[in-house]
Amino acid sequence: MKRIGILTSGGDAPAMNAAIRAVARKALSAGLEAYGINYGFAGLVAGDIHKFAAADLDDSIDEGGTLLYSARYPEFAQVEGQLKGIEQLKKFGIDALVVIGGDGSYHGALRLTEHGYNTIGLPGTIDNDIPYTDFTIGFDTALNTAVEAIDKIRDTAKSHQRVFAVQVMGREAADIALWAGVATGADAIVAPGHDYDVKEIAEKLKRNRVDGKDYGIIVIAEGDANSDAAPEFLEKLKQYGDFDARAVVLGHVQRGGRPTARDRVLASKMGAYAVELLLEGKGGLAVGILDNKVQAHDITDLFNAKHQPDSSLYELNQDLSFK
Amino acid sequence: MKRIGILTSGGDAPAMNAAIRAVARKALSAGLEAYGINYGFAGLVAGDIHKFAAADLDDSIDEGGTLLYSARYPEFAQVEGQLKGIEQLKKFGIDALVVIGGDGSYHGALRLTEHGYNTIGLPGTIDNDIPYTDFTIGFDTALNTAVEAIDKIRDTAKSHQRVFAVQVMGREAADIALWAGVATGADAIVAPGHDYDVKEIAEKLKRNRVDGKDYGIIVIAEGDANSDAAPEFLEKLKQYGDFDARAVVLGHVQRGGRPTARDRVLASKMGAYAVELLLEGKGGLAVGILDNKVQAHDITDLFNAKHQPDSSLYELNQDLSFK
Amino acid sequence: MKRIGILTSGGDAPAMNAAIRAVARKALSAGLEAYGINYGFAGLVAGDIHKFAAADLDDSIDEGGTLLYSARYPEFAQVEGQLKGIEQLKKFGIDALVVIGGDGSYHGALRLTEHGYNTIGLPGTIDNDIPYTDFTIGFDTALNTAVEAIDKIRDTAKSHQRVFAVQVMGREAADIALWAGVATGADAIVAPGHDYDVKEIAEKLKRNRVDGKDYGIIVIAEGDANSDAAPEFLEKLKQYGDFDARAVVLGHVQRGGRPTARDRVLASKMGAYAVELLLEGKGGLAVGILDNKVQAHDITDLFNAKHQPDSSLYELNQDLSFK
Amino acid sequence: MKRIGILTSGGDAPAMNAAIRAVARKALSAGLEAYGINYGFAGLVAGDIHKFAAADLDDSIDEGGTLLYSARYPEFAQVEGQLKGIEQLKKFGIDALVVIGGDGSYHGALRLTEHGYNTIGLPGTIDNDIPYTDFTIGFDTALNTAVEAIDKIRDTAKSHQRVFAVQVMGREAADIALWAGVATGADAIVAPGHDYDVKEIAEKLKRNRVDGKDYGIIVIAEGDANSDAAPEFLEKLKQYGDFDARAVVLGHVQRGGRPTARDRVLASKMGAYAVELLLEGKGGLAVGILDNKVQAHDITDLFNAKHQPDSSLYELNQDLSFK
């Protein structure tokens, strides 16, 4: 193995650049060459590929987004698309790849491995929705962005005795909502996997008023592609009481920004580990962190698994929130 | 004059606490007593009033929201409401007041002055929409919150070659949009007082793609009570081209948070100045900063005037944005 | 058991308030009463103790410092001091305690347990220097503060082609230095447990210049009580080359500030877990997080152990830094 | 005039990049060409000059440091150095320049104008120490960095009943100290131009303890090249009382970081205005903001003037601080 290619795929996430840097620098340290592939699998097929010098990665560790860009490319699900990509790999002499992205990009990684090009997947997504890893690259930053926003919203909630329903990202995963809910002391968390009773939440908010807390914060997971989860929740809530309530949809701010220290270190560890796996001749693996140890599992195992959020947080929040 | 009352009214704004602290501490320094009135004019009428000790204001200068709370109270427009308030002032021996809030609270301030209770208004609102002042208390913080959010959104815009229409607050005022647009290098600003041509913006975004910038940021003022300004803009934009475009409504995060240094100092200066005016036996005045000098104008003058944003920023942004 | 006492001891750390809140709220949820003890063991002996209502802990989860204050009190090492403390516990009817603090406070926790008052220790310190836990409460926040500061310093380093030696906290522990070094892509890390050769670092910085990076960042652990570690390093470095080099000692900013999401959640989990242990009739235990699971160990075990930082980070940084 | 050159000189300051962008983009908008000159006057003499395309300035508005780098070059005070610089201007066909930097760079700007190359100076320095302008580019960001740091330090001060002497930058100017002191509610400000009595400060801190505030923050200007202003102050303070006191020297973190909105807009306005002046055939002018209006004065006038900080802040802080 002489040349490693790197691409990012799916939604961008903070610290993807730290992961790109780690893969490339570790490759250079090991005497290999590193190639950046722009625009994900689309760029692979198009041959939008360039060699990395060490200096190219300088000062990228603290930047949001992905310097390799990302793009959707459903055509890579077809063999035809894959073969075109392989043609480019041959042209550039690339022997192995690291793909940074969400669940979807792992299919491409597996196909390339099957075609003889060992490929390792890194979990780059703010949603934390990938099996066999406790944390994905970007989750910690997105979580902190959500928490900082909710802290600000609480200033207004408190000043005006209002209830705010704050919708956070995470697609079908509950992770950002659960963590942000605990971290901001939310009065309730509404998230997939946890049934809730609007009336009960309304009763709690009313009891809080009596007991000395006349405002409320409810953290709402966006759930499955529902961009109106918070406004819809409020509609229901208002049926059970006369709340001065507002919905805030935090939106895309959660995707960008300077990565936290935790995300940078996680991305650095995972990137270097991916290169080690390739050096051992392995492919078709997805890197994760489990029990605080970076490790890898077969991508095929991931397809049969489902990410489990830390559900203990739900109950913890119920124990700790005001009542 | 022996006792000064302080209340906050209307929407909360960062550094309102710094203003409360400044009024109270300046009053104490001048040998007066300071009384906090909770929940704005509603609390005045209800007699929710307490004496401030110096220690009560410690460590409040860096906190968002208002420690005196705020509440709507349209009843104060009626003489009956005002007389009830005056009864409370008599009861607590309060001779004069400082009211911190938006345009609306100045009416109450004027009525109290007419009833013989000198009252000074301070411009506390993120919207910067008050006449006779270049800056309101809270504007700088809200602006920075918006700018930081747009910086984050740009990471995703760039990674995915997308166009984002980002809606900022400001009610009918264009100030946050104009300043945030310049500060983030927006491709276009859509704000009251400035006609725009959607087709022209679409053409610019398409030219940018050709010239080397394949993403875009458009900052949209919420305009007059339109909570869907950004989504509506996008609908129109998409008629003129095939953009991968998203709307983000920044929302209530802009109201809260730790105030910036600028807002804290402005609030401190204005609060102290209000007490000086009261010590001179003046009332019915609104404090502002014009030509970088804190000064006061008759509240009645404000009612006949309209806030003018710094419109030069619009043209400046056109000159400096990518093209 | 009916009443749980809570105190903070040793240096303050971000999210100590989140831990206090978690202990108190969990106790209230379990039908117990919670008492705050001000000023650590000194306040225990002095009887500076107050009952917590749920509302007392509202809006504390996002604040730095400790609302229970902290103070040194070496007298608690003596039986006499301990007995005075126990007298107060009897007076207030407190049956069990949670002590949040560094290594030192665990001795007090053990003594109280031996006297029949079950006490659980929580690791609250930015230094991450406690055995049997991968992370302490406050470490993540301090780390991010250090990383943000170094990001800023890099702007100047790059603009002026300078070398900066940045000294971070951590007492005798290398953790902040190792993590911050990796997270900022430092050119070198100087930390306890890792020998270094000044000449080698100087040579690397000179090679970097030739290879296209004409500035440098070296992260220096303060080491054992050496407040001049960075300036002293620079003196040595300058013997090996003509560097435009500056030292920055980050100092106490690393102790304060709003806790990160990670620290808030960790503190919340640990605080609730401590109450569960007390409910099970246990004492003399120190709570930690190992393998991403909150768990407890005998305090006596901690005394015979030494915290091990994640030394793999040192080598990782060497692989990934510019060269 | 066809081609404008841009360089940065002296210490770097946040929003210098926003100023570079503004000059270049405004020049392009006016149909001119813009050239970046690396490493200040040193790079001018060396001919390290490159043409700017619009895309080169994309996404620079939010970055700290200077993308044109900076360097000391005392040789430019000599005619010989100046003539070498002019040779390069001829070679690249540059007709006029904008120089962004501190006081020192204005001398170079004046010399170039005298040689027939109209040059405009922009005030780029965190110190705010330039005459004929109320604010310099970078001051607002540095101020906010200092204020955020002091906010954090207060958490520890309060938790441990300590006194902190926090040294801020500003060279011989008092501006950062005065503004940061007011913005953080400091117990005292020690700054050039304002005599102080250590004993009086010590007495105040002792009175505060009695009155309910048992910690203290004193903001210290670094004064004229004294890197130990804060530690030296503490030595004196301790002669007047038994304070648990610490010194923190904030240092270079104040120079870098993402510029605030205010700094970005100020830099944008000033940069565009400089080009307008050049288009009018003017040179030898220094741009400033006075009375909230961007304007220009003869550089020679600046040499005979001295920057005056807003001294009213000193008295304001005395009125508002705890006592």
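Here the chain labels run A, B, C and D in written order, and each chain numbers its own residues starting at 1.
Just so we're on the same page, contacts are C-beta pairs under 8 Å (C-beta built on N, C-alpha and C of every residue); 3 or more make two chains touch, one makes a residue touch a chain.
Note that the structure is a prediction, hence the values are computed from the model and not measured.
The chain with its Cα centroid farthest from the Cα centroid of chain B is C.
Between chain B and chain C the centroid-to-centroid distance comes to 39 Å (mean Cα coordinates, whole Å).
With centres set at the average Cα position, the gap from chain C to chain D is 35 Å.
Averaging Cα coordinates per chain places chain A and chain C 28 Å apart. Residue numbers of chain D whose C-beta contacts span two or more other chains: 151, 154, 158. Taken as a contact graph, the chains are arranged in a single closed ring, with each chain touching exactly two others.
Taken together, the chain A residues at the contact with chain C in this complex read 21-22, 25-26, 29, 53-55, 58-59, 61-62, 134, 140, 143-144, 146-148, 151, 154, 158, 179-180, 182-185, 211-213, 258, 260-262, 264-265, 268-269, 272, 290-293, 312-313, 316, 319-323.
Per the touch definition, chain C reaches chain D in the complex via residues 8, 11-12, 14, 63-66, 69-71, 145, 149, 151-156, 158-161, 164, 246, 248-253, 255-257.
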